[in-house]
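Here come two complexes built around chain A, the first alongside chain B, the second alongside chain C.
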Partner chain A sequence: MGAARKYAPLLPVLGLYAALFAIGLLVPGKWQLIAQLVFYCALGQAFNLFMGMTGYVDFGYVAFMGVGAYGMAVTVSSLSDKGLGMGVIGIGLILSVVFAILLSLAVGAVALRLRGAYFAIATIGVNEGFRYLIEGARIWNGSEGIIFSSQLRELIGREAAMSLSTFWADVMVFGVAGIATVLTIVYMRGKIGYALAALRMDEDAAKVMGINVTRFKIIAFITSAALAGLLGATAWAVKLTYVYPADVFGIHYTVEAIIIVLLGGAGTLLGPIVGGLIYGVSKYYLAVYLPGFQLLVFAPVIIAVIVLFPEGTVGMIKKNLLGTALEKYIL
Partner chain B sequence: MSLLRVENVTKRFGGLVAVDNVTAEIAHGEMMAIVGPNGAGKTTLFNLINGVFFPDEGKIWFEDVDVTRYPAYRRAHLGIGRTFQISRPFGSATVQENIAIGAMFGAAGGEIDVDQAMDMADHYIGLIGLSSHRDKLAGGLTPIEKKMMEIARALAMKPRLLLMDEAMAGMNPKDIDKMVDFIKRIREEEGIAIVALVEHIMRAVAGLAERVLVMHQGAKLVDEPTKAALSDPRVIEVYLGVPPGEADA
Partner chain C sequence: MFLEQLSGNLFQGLILGAVYGMATMGLSLIFGVLRVVNVGHGAFMMVGAYCSLWAFHGLGVAPILALPLAMLVGMGLGLIFYYTVIRRLIKAPELATLLATFAFGVILEETIKLIATSESRGFNWDIGKIDFGFTILPYTKLIAFAGSVLIALLLYWWFNKTRAGMAMRCVVEDDQGARVCGINVEWEYALSFSLGLGLTVASGVLLTMFIPVGIQPYMGGGYTLKAFVIAVLGGLTSPYGAFFGGLVFGLLENGSYSLFAQIPGLEPFAMTRFFSFVMLLVILLFRPTGLLRAR
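And then the complex of A and B:
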């Protein structure tokens, strides 16, 4: 397969992100909505790298975002007087990735030995357990969390701190989405993608074919966790300038990630973005027009999509485009 | 030196002894059949050889390597390929991708990239005569096509020993003869040893194997050249029972 054809599916993905970015910049008052949508898309993409590609559902996923947010908060609040300026944000991003990877290694070493429902059950307590550990052992200020808005102002000045959390934090989320996109297509087009696809479809047959399934699962798990760490650091810590354990370990973010991936199409490149847009737009407008009833309306819509298109919207689109010229753009 | 040596292996599932102290050898390039009635322990023996299970007792040698505790994927890298009794295609991948996965991760996998694996897959698709189905999803193939695809996928792993589990179950005599010819051909062309599990299709055993190992209730009953094995009275008894006149003799 030539490189042009191999990477053609990047076109619709990057096109959608470019369109979102342009709308956010050009349409007054829409930036926050766009930021929310990109967060959902990036969340879906990061989650898809593990759940979509391996078929394993990690209910503890939000914990990686949580420790990522803490990585940034701890960095900014403890290095604010060193005169390092914006470099501290860079260090914070690195630390958030390190935290997320360390946690993923600890969780993965235990949970990835389990399969299917057992894996899901094993991970379900990770975020709650971690939250209670932080609160109970009073790590990182315990339940009071870390508020670092004054340190951020001290670090880079009032103006810069303002634009960082109202604008550049969201741009960073676009960046995380970009990284997730590149990693997804590199994985999907490489041996690792075939290994993951094989183990998703039949893990025992994959082993017999010479695939070291544990190794590939761990690689996907770590990658997905590292992206979650970045997402927590940017979309939560830098944007809000505070981190509360009760906020950043909420299981509903994991549930949102699962819904986004299933709506869009698990294991596809474009799916999480389409899923993130459907989810984000419906959630936003239902909250505006049917406040209080949004979940009541939303639940049957999700059920309908999943029943009608079990492979997600992108899976359905892909099937319909099979054999046409547009086929190569959908992955 | 033998290619594979199984030494006194035993595998129990709770109180059931599925494989009972079996010793067997297979030489390079040999064609052997393991036969036995349903429940004789054939598939368990296969699972022990390719690492799906570890034996409770005994040792397994592949060439000069003690692989008793090797996981399945490492045995695949050493050159043990396998097809399943009930085909296990990667259903939502194409036929080409299925076979390429074998090439990518099998014994030759280390040096092969994705594009080369796809080219290798094309070669084996041609060999099994499924070129027109190359881009079809494997889940949509007929049972016989799935069996053929699985053989191609195993061959693409470049094994030195191919374990075939009931490759001919459910086929009519014409298809069996075709399959026997095909297996003989790939053994010549690829220079590999083949162990075929067969439950009761003696037409296949007679046509295919140089040597037959008969299993009964987990243990090895007979291990002899095909003709001698199939006419052995113990084998006939296992399959047909004792003739009524001799029952109490």
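And then the complex of A and C:
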């Protein structure tokens, strides 16, 4: 496969992100909506990297976002008087990734030994467990959380802090989405993608064929967790300038990630972006016309998707485009 | 002083553990027969809690009388859910049933929220208490304990002495063989799914005998986690294992609460929740077949 053909599916994905960015900048008053949409797309992509590629459901996924948000909050609030300026945000991003990777190693060491239902059971308590550890042992201020807006102002000045949380945080989320896109296609086109496809079909057969499934599962798990850490640090900590344990470990973010990936098509490159857009736009309009009913609408949608078209929107598009000139752009 | 407190807590833990155990039997039954993990488990318990709340406030009767009603509600929900969704997903990858049961739990939560708002509610059913010297036990808790043990015994009798119960055990052993023997496997699946959910909703009623406050649509999440710990303690596939797992969990939970309360600077309630999560991982790591069974 030539490089151009190999990476052709990047075109629609990056095109969609560029279009979103342009709309956000050019249409007045739409930046917040665009930021929300990109957050959902990026969340879907990060989640898809593990769930879509392996077929394992991690119900505790939000915990990685939570510790990522804490990584940023802890960095800014403890380094605010060192005079490092914007460098602290960079350190915060690194720390958020480190936290997420450490947690994923701890969880993965137990959960990745297990399969199917047992894996789901092992992960379902991770977010709650971590939240109660923070509250119970009063780590990082316990249940009061960390509020670091004044430290951020002290660090980079009022103006810069303002534009950081209203604009640049969202640009960073675009960045995370970009990284997730590149990683996804590199994985899908690489050895790991084929190994995980084999695992998804039949884990025992894949093992017998000599594929080191454990290794590839761990790589996908850690990558997905690191992206979640970055998302938590940018879309939550930098944007809101506070972190509360009850908020950042809420299971409904895992639910949203599941809905997005399923709607778009699990294990596809374009799927999470399509799913994120469908979910984000419909949630936005549901909040306007039927406030409080979002989950009551989306939960039956999950069931309908699983029963009626488990391959998702992009899976269906892919089927219909088989054999046409557009085929090579959809992955 | 500490020992008296600990023994009191452990006693209470054993009583509560019986309710926990009964609350997990449905989860293990469904997993044992259908290999489906009911991720929406806690939401079904929440429905049971609302049944007893409505019995007390709406009908003005003793909330324990909501037990048969809750059982019927659960079985009805189970049949509907089985024939519309689960039946089509039995042969699908595990991912499908995990997400479907999870989504069904969300539907229940949101529906209850729509009907009863998300306000946290409770009731006060006071019928006196009994003093054991080292601890005081309200009669309501005693009723919950007796009810749980009774239901567990009934289930034991049903599985071992009735044809219907034995047929269900056949399906667990070997569904192909059961089919050859003329057992309607499809119906056994439906029956055990609805029975499992009936037990789960009914356990919500018993739970409110213990904790009659904090009844709100999202109360189930914590119980889902506890039920998984208990089910894993009991080996995940056996309802009796689940019952004994519940007793063990009740003791461990209340015992660890007493210990955490001794350590200054800790919030014992939150630490207990954390402890149950750690317990889940440790058991899955070292004894995935449960405490009661050999490997």
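In this text, the second predicted complex is superposed on the first by the 314 of 331 C-alpha atoms of A that agree within 3 Å, B and C clash if a C-alpha of one lies under 4 Å from a C-alpha of the other, contacts with A are read in each partner's own complex, and residues count from 1 in each chain.
Methods note: a residue touches a chain if its C-beta (ideal position, glycine included) is under 8 Å from a C-beta of that chain, and two chains touch if they have at least 3 such contacts.
Computed from a predicted model, the values in this text were never measured in an experiment.
In the superposition on chain A, A:N212 makes contact with chain B only, while chain C stays out of contact range.
By the touch criterion defined above, A:V57 reaches chain C but does not reach chain B.
In the superposition on chain A, contact of A:R113 is made with chain C only, not with chain B. Touching more residues of chain A than its counterpart among chain B and chain C is C.
When both complexes are overlaid on chain A, the residue A:R5 reaches neither chain B nor chain C.
Touch criterion met: A:Y194 reaches chain B, while chain C stays clear of it.
Shared-chain residue A:D204: touches chain B; no touch with chain C. Of all residues in chain A, only 1, 189-191, 194-195, 197-198, 201-202, 204-213 touch chain B in the complex they form. Against chain A, in their complex, chain C makes its touches with residues 31, 35, 37, 39, 85, 88-89, 92-96, 98-100, 102-104, 106-107, 109-111, 113-114, 221-222, 224-225, 228-229, 232, 260, 265-274, 276-278, 280-281, 284-285, 288.
By the touch criterion given at the top, residues 50-52, 71-73, 76-77, 82, 84, 88, 90-93, 97, 100-102, 104-107, 109, 113-115, 118, 153, 157 of chain B touch chain A in their complex. Residue ranges on chain A touching chain C, taken from their complex, read 51, 55-57, 59, 110-111, 113-114, 116-118, 120-122, 124-126, 128-129, 132-133, 135-138, 142-143, 251, 255, 258, 262, 292-293, 295-296, 298-300, 302-303, 306-307, 310.
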